[in-house]
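Letters A, B, C and D name the chains as they come in the text, with residue numbers starting at 1 for each one.
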Amino acid sequence: MSEPRTLAPPERRVAVVSGVERIGAYCVITAHDGSGPRNPRPGQFYMLATEECWGGGSDERPYLPRAFSYARAYVEPDGVALSFLLEAIGPGTERLAALRPDEGLALVGPLGIGFRAPPDGFRPILVGGGIGAAPLLCLQEELDETTVLLGFRSAAHAQAAALFSGEPKVATDDGSVGQQALVSELLATELDADPGATVYACGPPAMLEAVRALCAERDVPAQLALESGMACGFGACFGCVVPTTDGYLRLCVDGPVLDADRLETVL
Amino acid sequence: MTELCGVSLRGPVLNGSGTFDAIAARRAFGDALLERFPFDAFVSKTITLEPRQGNPPPRLWETPAGMINSIGLPNKGLEGFLASDLPELGRLPVPLVVSVMGFSREELAQLVAAVGERDEVSMLELNVSCPNVETGLIMGADPAETALAVERVRGETAKPLVVKLTPNATDPAAVAAAAEGAGANAVSLVNTLKGMALDPQSGEPWLGGRTGGVSGPAIRAIALEQVAAVASAVEIPVIGMGGISNGRQAADFIAAGATAVAIGTESFRDPAAGRRIAAELNDVSLSIGTPTTRSTPV
Amino acid sequence: MTELCGVSLRGPVLNGSGTFDAIAARRAFGDALLERFPFDAFVSKTITLEPRQGNPPPRLWETPAGMINSIGLPNKGLEGFLASDLPELGRLPVPLVVSVMGFSREELAQLVAAVGERDEVSMLELNVSCPNVETGLIMGADPAETALAVERVRGETAKPLVVKLTPNATDPAAVAAAAEGAGANAVSLVNTLKGMALDPQSGEPWLGGRTGGVSGPAIRAIALEQVAAVASAVEIPVIGMGGISNGRQAADFIAAGATAVAIGTESFRDPAAGRRIAAELNDVSLSIGTPTTRSTPV
Amino acid sequence: MSEPRTLAPPERRVAVVSGVERIGAYCVITAHDGSGPRNPRPGQFYMLATEECWGGGSDERPYLPRAFSYARAYVEPDGVALSFLLEAIGPGTERLAALRPDEGLALVGPLGIGFRAPPDGFRPILVGGGIGAAPLLCLQEELDETTVLLGFRSAAHAQAAALFSGEPKVATDDGSVGQQALVSELLATELDADPGATVYACGPPAMLEAVRALCAERDVPAQLALESGMACGFGACFGCVVPTTDGYLRLCVDGPVLDADRLETVL
């Protein structure tokens, strides 16, 4: 099976912001990409920066572009509408969240290797923690009959669950929405009910590690979308490595989606 | 057309070693990368005799108008490079410069000999300046040490030898002059400046390698001064780099005495930066005329 | 409360020499400046034996997240300073540190003796690192030179001597150790990094002094690494500076081993920067606890 | 006569932008300053920066604040409305010109020494070149019976003449508005007609030098508002010096207005 990687044009281009929407604690930025490929693969990401004023924020940053999984890609007559789900946690995401319609969004992508199709007969379970829900949105649209499990810090964050179709099962740390539980606990229950499942997960390291361990115990095939600090996104800087059973891998060109069994631990 | 150490290039814009992996980039961008290749010559990431996995993560820290890296020269080692990377790099549409680092003069000699005899290779760059590896700092910061290293390897190849200088030295011009005296065909500068960042939570070093090297626009004015000082101290060509992000800035380095320029960190922001800067440089040259004589201002 | 070389300060935030003129600021801001004085100790601009008019303009160039200055140490000379400036500086609400530079050891000794005997003066800072004046570069870049200078002046005053180090050196930690060995009571770093800018029109040096010194956030990561390296090499207190623009960053310098910090370029953006940063530093310390032991990471 | 200098608070403060108006080639930014003095003196200036996104423009600038003469100051119940006339010529002025109402304008000021009152019985002639018109606007409001002479590059620039009361005499390089002449030529005519005048001038170096020379020949007292690159604006950096008959002076604390006879030349 060829790797799920749509090639990116070898240059930075500028998409035009068409919408910026707040969804609880998150923000959805949609931009019209007139010259990039229309078929990114779920799990792939883009390196983003604003065309104007990328800099001069806290600590005189940002300077480098920031990596974001695309959440949705809708083909339009003259290009593709790309949506990104983001949480403003620092100078880069704060500047992106302050974008207004018609501003330029500089991007490179799609980059990396996305999620692979489920092995025949395996039922896909999508597990998202916080902002990790982002790449699962487009993934859900590609797969049929998915079970979606989401974990959030608070009710404000849990609003993102509404972006999924069907009835995602939600857990929150404070129990304000859905069960008061960790999303990995929801996963354990699912796997107990049906071992014939395959897992797609994205979220914070601790959650991914819990998912990895659960699936390892039960021999459930799992694909994890990881994160690491990135400067370039296309293998140039060697900065984004994660330790795997085959040594350090550059997450931007060999990931960000990795088979769980390639990791001894996510932490 | 630019002529560098007898090798003719379609233009004066190279990449900085270790800031562009043409093999990985081809996986991300496909053949379009080769059709619109960003540089006029390609410089490989520095290779060492033995394979290295590099420093533990985190390896990156963003700084105002720049970044710190603590990569630690991960590479397949000489054998692995010659067997698997070199053939592919040999198929790039531009001349190839291979960067090598030795932890002793003998190692360096071995590397130069083995790499120099391969037809795919147009030039060699001696990295005596990487701030992440002890030897680099020592060799490249001291004129005498540098001269000894260059003298030792000079006989191992007839191909042009470029010595990459470190900015973490009291007098880079003296190191450059020593390299020239020992038979170097060109010098390139600057490598990264030693820097550090602390973890906001713990107050402990953020980088797995504890310290790292600062690059990007933040160091451009420092690099420009060193390029000017070096260019006025040597006759051999100078390859100038350090924070260049547009053609106007590249023209400054050429006005300061550089024959060619290299793009590093800016490629992280735009993989086509090299091509864009070459075009802008062309416009600048046409509009104001790039000083051909070295109006070296120090 | 901070104790620096036996002098007790209300806090750890000083100004960098030459980046705040309390006398001129009083003309612009009036007595409000003294009521809300931004620093916990005031460091004078470097004075020399003879009056200097400084370098011809232009003296400034803005860089990414920083600037280059080529001021050239304009000052009234020792006599003029003692007669007209010192009395006014003596009336500031905080202890006074006077910065001196000599073009020979004898000059330096004369300056230290004359300044040291004045009651208004709490400490002296030896500027052996100014990149705009030849001697500075030579003295401060070489451990032996630095030791000789400090030894020569040590006997001239009983007051604390702070040696201001240059970052334009291969091994600032070695220079610091030499200064300590020769009797310095503290070291301060970093001074500016040598840099250059070209006139966009002519391609000739923009600055009247041709080259200058780079300061501001652009050099912060470089300064932090040098402060950490120096702090781990000496026992005497270290005054850390270089691009500090907020309390979080000041806390990093302290975590890297500095006893106090100095604010330079940030004061140009906000004359109250010192006061603001001291307050922010306080909050940071309360929230995470400023490392008291030197967790010096090099 | 005490020097015309209103003291500034010893810290940077944030004013709120109330209006940004294009006037031909220029732009007028008005901001509400709630905590600064309400009586800056004509010829004084402020160091300005935007509160957000000051950086990330061309050449990864701006970083330092920028100096601007105030063009008008209107006292309001809870503060003062400050107006600045600016021309976007680089990263700093471009960012300032992109300000929108309600954005924060960080400022320090008023700074420097302004224009001194005319000697008794002397008729004030105000001479402005291009953006140099800015400090003459508030000066005209303070003096009565002024003659205003303005020189501009083009018709787009000459629109700024409309900001003055009365009938300023205008010269343009291309003759598109008023006379095709240099403003210094207008001044020569005026001085020939009435030597009992005193001159207040602000504009580009070449124009100021022509004015200085004209007035020197005729022994006409003249005050020139000069410019130089500034980092701090309050005497801290020693960067803004200009050569005078008393050696180098810091324009930010000893100027920006200087008596013409203190200069051998403006160039």
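Here are some notes:
One rule holds for everything that comes next: a residue touches a chain if its C-beta (ideal position, glycine included) is under 8 Å from a C-beta of that chain, and two chains touch if they have at least 3 such contacts.
Every value quoted in this text rests on a predicted model; they were computed, and no experiment measured them.
For chain pairs A-B and A-C, the one joined by more C-beta pairs in contact is A-B. Per-chain CA centroids place subunit B at a distance of 34 Å from subunit C.
Computed from the mean C-alpha positions, the centre of subunit A lies at a distance of 34 Å from the centre of subunit B. Chain geometry summary: the mean Cα position of subunit B and that of subunit D are 47 Å apart.
Annotation for subunit C: residues touching 2 or more other chains are 63-66, 216-217, 248. Across the assembly, subunit D contributes residues 55, 59-60, 62-63 that each touch 2 or more other chains.
Taken as a contact graph, with one node per protein chain and an edge wherever two chains touch, the assembly is complete, since every chain touches every other chain. Listing the residues of subunit B that touch subunit C in their complex gives 61, 63-66, 68, 141-142, 168-170, 193-198, 200-201, 203-205, 210-211, 214, 216-222, 224-226, 228, 243, 248, 251-252, 255-256, 288, 291, 295, 297-298.
Contacts from subunit A toward subunit B in the complex involve residues 5, 7-12, 49, 55, 59-65, 108, 111-112, 228-243, 247-248, 250, 253. By the touch criterion given at the top, residues 18-21, 23-25, 27-30, 32-33, 36, 38, 45, 53-54, 56-60, 62-67, 69, 71, 74, 216-217, 265, 267-272, 275-276 of subunit C touch subunit D in their complex. Of all the residues in subunit C, the ones that touch subunit A in their complex are 65, 217, 245-246, 248-249. Residues 55, 59-60 of subunit D touch subunit B in their complex.
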